[in-house]
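One chain, chain A, appears in both complexes that follow, with chain B as partner in the first and chain C in the second.
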Partner chain A sequence: MNDVAHTPLVEMRNIRVAFGGVHAVEDVSLDLYAGEVVGLVGGNGAGKSTLMRALSGARAPDSGEIDIDGRLASISNPRDAKAYGIETIYQTLALADNIDAAANLFLGRELTDRVGTLDDSAMESATRKVMTRLNPNFTAFKRPVKSLSGGQRQSVAIARAVHFNARILIMDEPTAALGPAETEQVRDLIRQLKQEGIGIFLVSHDIHDVFDLADRISVMYHGRIVGTVNKDDVTIDEVLGMIILGKPPTEVTQKELAELHG
Partner chain B sequence: MAEAPGVRRDSVQQPASRTIRSLLASTEVDTRLLGMVGALAVIWIGFDLASGGLFLTPRNLWNLSVQSASIAIMATGMVLIIVSRNIDLSVGSLLGFLGYTMAMVQAVWIPTALGLGFNQPYTWILALLVGMAIGAAIGGLQGFIIAYGRVPSFIVTLGGFLVWRGLIFQYAQGQTIAPMDATYQLLGGGPTGALGDVGSWVIAALACAGIVYTIINSRRRRREYGFPVRPTWALVTVIGASCAAVIGAVWVSNNYLWPPALATQFALDRGITEPPGGLQIPVGIAYPVLLMIGVALVMTFMATRRRFGRYVFAIGGNPDAAELGGINVRRTITLTYVVMGILVAISAAVQTARLNAAVTNLGVQNELDVIAAAVIGGTSFSGGIGTIPGAVLGAVVMQSLRSGMVLLRVDSPTQDIVVGIVLVAAVGLDAVLRRRSAR
Partner chain C sequence: MSAQTVGTGSTGVPLAQRIGRVIGRAGILIPFLIAFVVLSLISPPFLRFGNLTNILAQQAGIIIVACAGTFVLIAGGIDLSIGAIYGLAGAVALTTASSVSSPAGILAGLSVGLAVGIVNGLIVTRFRINPLIGTLAMSFVVSGIAVIVTKGNLVVALDHPDFQSFAATKILGLTSAAWMMIATAIVALILLSRTTFGRYVYATGGNIQAARLGGVRVNAIRVATFALSGLAAGLAGTIDASRVLSAQATGGQFLTFTVLTGIIVGGTSIMGGEGSIQRTVLGCLFVALIANGFNLLGLDPFYQQVTLGVILLLAVGVDAWSRRFES
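So, the complex of A and B:
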């Protein structure tokens, strides 16, 4: 995809995040181009989510730099990230259970009239529009999201990320709570957004999902990047080997590979 | 499998109750609130029967409204604090401290320290503004320590509970500050501290116009966007019931007449010859009740129609989601305590004006009454759930129980026992109903 644009949309350089003495992310560099999907894979605790939280402003990195459009960006909270057009679908969905879909969609970015009074009708209208596109069966606009199904909640979280014309989308396990039909819907959405030139980081446990959708795949292991590969250059087994052994395919011996399959 | 019994229960139910439920749903009225109104009606009628018709009299209901006002005003603020998963145990002590300060302003500082004399036209508002400013500052300080210092609100306000009460004793030295400014006294109610019949009817007319405008306007907005709206009959019912409640309340207030002695004095002062049977002067809505209604309206607007309220509820629902949504959680939490401090000052004015004095035990145990009112009114300690009108109703329910028991000559310890049991039972019942409706 490098021919689409010469400057990466996002370039993360030497990112470090530590929790107490634990180095959750250690000297990680990663980039993303417009119209590209980069799959981020790795075992539990590999640092995928922590790295993405650094980009989304949820947890500022302890050191390292992030460039957006080739210019140094300063992202220290979610508001900053959104100002750069970075939207995030969190694994936890990050929905306030007690308020309705529209209130969640516009949380922190409410529509108001001239004197700052909430314009609930306008918000509901916009929510109805975006939900028609994502989940035509969705009708529970007036109910707190607590009473919605897992799939409906997920579509609210996705709608929130999509509605604000994101240029960079972080999707952390976006299909975890979904059934087969809904998962297919999300996949279609990802392809569509990619077509529109949005850069997407796709974090997933599901290696098949990633192989289906990603252009490049970055593998993390114990807080570090094992390697970033073009999807077309590798097999699923090779990527699995990277995830489990924490080594690029070239360094994996036949013996290790055999043990892996043993 | 788990749903089977529920399904069966539904199909066995008479069609009539199902229809009532669906009719109720189409009015879009908060059923919890309606349930509370029903409970209140039961309490009122029960006390009226038990007391031989002493409870449902204009005089008793008018007194009930005045007695509920001060707790209700604070309960509207406590809702926001509990909704955002915090608590404020300091309101009683703070009320004492602010009441004492406002008393000093009008009884000592303005008249003697500044030499401006007693009963100046500006005294009452100056005292109130000083109280509100100090209340906001103290609330802000407690909120700041809670939000930015990350000290649990229970601890911070427990500290405040001790500190503010301690300060009163230190400065008051056991003295009572009295009397209050003549205008300021009106904030406490009493036959003269009320609107009278004409003023009350004007308020009723304004309220009804406001209700009709708000409901019609929101319906027009929904129509514009092509959203479903409730049927016309439901609209008319809701408007009719709301206006009937307003007019009824004013009618009751206007049927409470000035006590004969006061009316005679009034006639003498004005040089009016009293007709046989004495002057009949309607009292009308008391100023503290008007203040309480004003506060409840403003707080409802803040809670439901402004970003601040939306953020308070979002924080209560999911603090992480609020933070990730880019909400300034700490500032919002601090602000809830600033609002609480201002409301405590208003309540302190009502209480000192009513007593016509500031005493050292002013506001003792008020924190518990305020928290109880909010909780009886449906505010959930797990956060994210609560309404301002519910809290006001909760305060009225509490006060109804107390005042009804006084009428029945129940002694004070027994009153406490009953109120305590009702509090636990109400919250327990609410939890059961909530679980059932969640299934």
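So, the complex of A and C:
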């Protein structure tokens, strides 16, 4: 974070989410500033996705508060989240395969004409416009998205966020299903969006993705935040230590470190 | 996202694949036209205005229910209770018409259908019961109620000819039943292809999770499709009760399967997410043409059932085959 505003774009305070008796997210606080990428890492079941689902409205938290622009927000479903400018890009589940790119881009927020019927041509031209910016090679506007490649599908999902002027973007494993070239394109896109002042939560298993893109890294372990570090202050090994051992680098003993490398 | 070429043009695409795509796109239109032309050639009475309008009048109820059923199937559900609703609605409409008044009878028939449809929707969404099982169970419940209401008798109201005018009034050569069918098909066509509701029906059937995350109230959409289906079955039961001034609890015994055959032969996917009103109407008319052809040619009705069964299998097989060429 260099010269960002003093008020965080997002501030999540004391968030708890429980499934039955299991505490998936336990008293987590996290913030995000405009133009910043915060990487959220941790092992399977650490609670990363559950925490992000609370922000995207997919699963309301059991307790805790979320501020957007310093004001208490009420997010209980995906529509609420979108109203706050929060858009989510999922690894899967994001697109309805049987409809085309424009229909997916506007899903839930369709454009209609004066009589109230769908304005498909307006939706298609808006889709073409945003695609020209994101992915000039994209031409498959008329086909159901099931016939698209993983990268093309991901660009439709990102286009949706961009078109609706997302200010807060949640990317849950955005490159997990992509090949190397497509991954690089998504990374370029993330840098571009960051430049435009969008705040991005990047959930990823790929530590290199995170180190390449994030300004700060928050590590989760068993539903709690182990620590949030500036990327420039840590090494990949230190972050891996946090992910695996579940404690900040300062608390890791020499013995544990040796075992980790053993 | 990448510069890789995707098979957009048809250049270099194998012939079988191109044929597959064309057949997939044209769908039921081709067999429908073939059946129409063949019947016109081998049976001169087929093309008579009287025969064609008769087909339309007989199909009115089936096509009305099938149009609504198309919404249910595209949204990923199925409604096996339409025949039972049809029977109950017809009996209730006729009883009410003869004891109160014709408008009250019509209203009662439609209300019964809508009410059962909403219950179906709630069973599937609120109680998370598989639609196949939920509506099958409801079909027993509703049929049972219909038998109780009619005491198992045929309900007749031959002394109420005014109720008959609901379905049997001739307007421009067609009966009001046929006009209601045409109106239903047009409304359903616009609703499904031109409105946000229709878009949500497709999205719900295509990927319910994505639709929900997109902000679509998927459960409300699913309830609405079952409500439409129930309402349509209620309308169809009322129309046919009005047409012949009699109704029976078991009157819709075969309707469910006739309707599903029409929808699926038309090319709407049983897996959800795909289909259209045009295809459903053509599918139902195609099935009707086959039946009409058997009658005109004086063939054994037994073979008619065998033929329909084979056609249904073929339709599903061709659908699966042409689907392979889509991507």
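Side notes on the structure shown:
Going forward, the second predicted complex is superposed on the first by the 259 of 262 C-alpha atoms of A that agree within 3 Å, B and C clash if a C-alpha of one lies under 4 Å from a C-alpha of the other, contacts with A are read in each partner's own complex, and residues count from 1 in each chain.
Going forward, contacts are C-beta pairs under 8 Å (C-beta built on N, C-alpha and C of every residue); 3 or more make two chains touch, one makes a residue touch a chain.
Only a predicted model underlies this, so the values are computations on that prediction, with no experimental measurement involved.
With the two structures aligned on chain A, chain B clashes with chain C. In the overlay built on the shared chain, the residue A:A18 is in contact with neither chain B nor chain C. Contacts of A:Q185 after superposition: chain C is touched, whereas chain B is not reached. More residues of chain A are in touch with C than with the other of chain B and chain C. In the superposition on chain A, A:V252 makes contact with neither chain B nor chain C.
Of the two partner chains, chain B is the only one touched by A:S125; chain C is not.
Judged by the touch definition given at the top, the superposed model places A:D97 against both chain B and chain C.
Contacts of A:T117 after superposition on the shared chain: both chain B and chain C are touched. Of the two partner chains placed around the shared chain by superposition, chain C is the only one that A:G151 touches, whereas chain B remains out of contact.
With both structures placed on the common chain, the touch criterion links A:N137 to chain C but leaves chain B unconnected.
Across the options 42-50, 222-230 or 240-248, chain B meets chain C in a clash only at 42-50, per the superposition defined above. In the superposition on chain A, chain A positions 56, 58, 77-79, 82, 88, 90, 93-99, 103-104, 107-110, 112, 116-118, 146-147 are in contact with chain B in one complex as well as with chain C in the other.
Within the complex formed with chain A, the chain B residues making contact are 221-222, 224-225, 227, 304-307, 310, 313-318, 320-327, 384-385, 438. Residues of chain C that touch chain A in their complex: 1-4, 6, 8, 190, 194-196, 198-199, 202-203, 205-207, 209-216, 273-274, 326-327. Against chain B, the residues of chain A that register as touching in their complex are 56, 58, 77-79, 82, 88, 90, 92-99, 103-104, 107-110, 112, 116-118, 121-122, 124-125, 146-147. Every residue of chain A that touches chain C in the complex is listed here, in rising order: 56, 58, 77-79, 82, 88, 90, 93-99, 103-104, 107-110, 112, 116-118, 135, 137-140, 144, 146-149, 151-152, 154-155, 178-179, 181-182, 185-186.
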